[in-house]
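Paired with subunit B in one complex and with subunit C in the other, subunit A is shared by the two complexes that follow.
On to the complex of A and B.
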């Protein structure tokens, strides 16, 4: 136990880096995913096809494989930047496919009549989406999006496998190599992950209840 | 995670089909009607769903200030006709003009002209995430470019007109069906459309609420609003409509003033239909 207390700062900085990676990945995935979802419901056929191929393709690659491809592939083609940001890029591109599906399911849950009413009033595609569809889809998106955020956070540990040692799992591995106390060190890391996941879940629940009231 | 996207499962509302373009090239049939008073002018309208033709060569003129009741058995194409008029459905061929302007294929101009034909749905379709007043303000601000203050003033005036001035800040879910439909009528009127399309506006209502909605529509008619009303309320058709149009199998079979129509439907199918609905 003393080991954990002595190195609490190490866990703290690991958690901070993990949170940073997760947050950046999630924001990137949300933006890209939203763009992909808009493509899928747009009237333009090539955009719909592109988006569907992207989602179908990216979802079929294991995240670790994709990460490895990026970390070793990008320098190969002359694109070099920090390992951490390379990992964020790869994970953002990956989770965008899932985010797109969450958004699309939310949009499809909006009753058809709402969209027809908006169109009959003369609202265009973008206005209908922004003012009628998305506000109504938001509610059904919150919980699956929270699950996605949790998945993004937990799987950010894969970054350690491609050498981002500053993040939580990476730091834990270093401690383990030093003290050979895997149960203790990884137990503490697990506790940290669980805390974050529960907290995200609670936040989503609160947001959900708040939206329910304003309806 | 959901399976991969299927083309047929995407929201069709967002699609604009290229078949829209066909209407522009359709030949204009000569008309005995004065085109200047013909607010809605439909010529040779055909509509297919996949391989099935649901509208056959429909011609219809609706004059400014006229109230047309569209009646007919289920599946005869009444809703489809309504929805074609403001292009919620694409048309296969033919032409539809509103206010002398043919509806363009797509884009901004279509959106603007679509607002010329206000629509009242059977299922109200009020925006459920907005208050009643917000429902009325949205389109005038976004589409017509009214200031928010102006739109709110107009919205409150219309709410008073349909007897719901006190419900401005309520959410649709807090209203009865009849109240929701009256708000929906006010919402359509807020765009100051030149014609109001009503697709069975009272069919989803409990019997005791039907009259309050019909009263609002009758008042509008008396004030000179041009209306196309799909309805099963024969009393309304008889008293309020200037003309009754009977549809069957995707065709307009008869079109006559109500006194004439109810005295002699002029067509075996229409007589048969009338005998059935009037029995109730």
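On to the complex of A and C.
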């Protein structure tokens, strides 16, 4: 136990880097995912085809393949920037496809009558989306988006596999190689992940209850 | 008036109608472009009925938006291709080895290793997941609580952490496990929890009347489960289970971490050996897309055959 107490700072900084990576990835994925979702429900055919193919393709590539492709492939074609941000880019592009699906499910959960009423009132595509569909869809995506955030956080550990060892899983591995106390070190890291996941889940539940509309 | 009516109807029919003409063209096009357009519309999938059939001005705006987006997409593609070409990654020599039999054979062997990891972990995790779900659904707290804790904890731990723990922890305990099992066991441990959740939500999605009727007939808890609940739950969760297999296959890429020679690790070895890093990873990514798309199509087919499983089946954690 003393080992954990002595190195609490290592876990702290690891957790901070993990949180940083996850937060950046999630924001990037949300922005790209929203763009993809808008493309997919818009009347512009090329954009819809592109969005469908992107989502279908990216969802069937394992995240680690995308990570290795970006981290080791980009320098080969002359694109070099910081390792952590390369990993964030790859993960953001990956989770964007899932975020797009979450958003589309949210849009589909809005009753058709709402959309038809909006159209009957003469609202255009943008207005219908902004004033009628999105405010209602936003409520129903809280839980799925939270599950996505948990998945993003857990999978941010994969960054350690391509060399971003500053994050929690990477730090734990290094600590274990130093002190050979696997039960303690990995137990502590697991506890940290479980705490984060439970906390995000609880927060989403609270938010969901607060904003829920009974239909 | 007519197109408006047609649009209204199709908006109601929506999902059922599936693909249909979204943007009525200004005038009937000739056969070939029309077929191309129909294909594109199939690819684009159903819309959500968020827009009226456009009038002349709307059609013009859509045409402009289409043209602009095509230009932007083309520019994106050009930028990528240019970047590849500028660094000599499009030379035929860089790609030629992927047409040679020894390399193809090497990759096929690696693909078989990936499939083996997926199948073996699936075959072990599936029954244990079912048992765990039963334990969590049982009336005995002694079974219910440990099962609940196991499922919630294992679903909240990254697979990579578990793999590192096995990789570094087992030798410490004096246990030496072959590479294959060092990859398979962590995958089994996490996926047992996920499968248990899928089964449990399948059971809970069944109408309560089924259980009540079975109990009214005097069946005990376990007999009800065995004869009434489980057969239906398994049927309903089949698509979710196949989707989870796709995730299992994705998990097998972590062989990269334990140096087990599955597809991704094979790409790494090949890339470093031949200095074709980008090409090897791209080829492997393509293989994953093909295999997983086929699996997803199977899941879709099963779902259609079963007449639409409940969408609530499986509180699916993505990834």
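The rule is short, and it goes like this: the second predicted complex is superposed on the first by the 212 of 215 C-alpha atoms of A that agree within 3 Å, B and C clash if a C-alpha of one lies under 4 Å from a C-alpha of the other, contacts with A are read in each partner's own complex, and residues count from 1 in each chain.
Throughout what follows, contacts are C-beta pairs under 8 Å (C-beta built on N, C-alpha and C of every residue); 3 or more make two chains touch, one makes a residue touch a chain.
These figures come from a predicted structure and were not determined experimentally.
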| item | value |
| --- | --- |
| First (subunit B), second (subunit C), both or neither touched by A:107 | both |
| Partner chain(s) touched by A:180 [first = subunit B, second = subunit C, both, neither] | second |
| Superposed model, subunit A: greater residue contact from subunit B or subunit C | C |
| Subunit B versus subunit C as contact partner of A:194, first or second or both or neither | second |
| A:121 touches, of subunit B and subunit C: first, second, both or neither? | first |
| Residues of subunit A at both interfaces, subunit B in one complex, subunit C in the other | 40-43, 48, 52, 56, 59, 98, 101, 104, 107-108, 112, 115-116, 119, 124-125, 128-129 |
| Interface residues, subunit B side, partner subunit A - complex | 1-2, 4-5, 7, 9-11, 13-16, 86, 88, 106, 108, 111-112, 114-115, 117-119, 121, 123, 125-129, 138-139, 142-144, 171, 173, 184, 187-188, 191 |
| Of subunit A, residues touching subunit B in the complex | 40-43, 48, 51-52, 55-56, 59, 98, 101, 104-105, 107-108, 111-125, 127-129, 131-132, 135-136, 215 |
| Interfacial residue positions of subunit C with respect to subunit A in the complex | 8, 11-12, 14-15, 22-23, 37, 40-41, 43-45, 47-52, 54, 58, 62, 65-66, 69-70, 73, 83-84, 86-87, 89, 152-153, 155-161, 164-165, 168-169, 172, 246, 249-251, 253-254, 256-257, 264, 267-268, 271, 277-278, 281-282, 284-285, 288-289, 291-293, 296, 315-319 |
| Interfacial residue positions of subunit A with respect to subunit C in the complex | 40-50, 52-53, 56-57, 59-66, 68-69, 72-73, 76-79, 98, 101, 104, 107-108, 112, 115-116, 119, 124-125, 128-129, 133, 147-148, 150-151, 154-155, 157-158, 160-161, 169, 172-173, 176-177, 180, 182-183, 186, 189-190, 193-194, 196-198 |
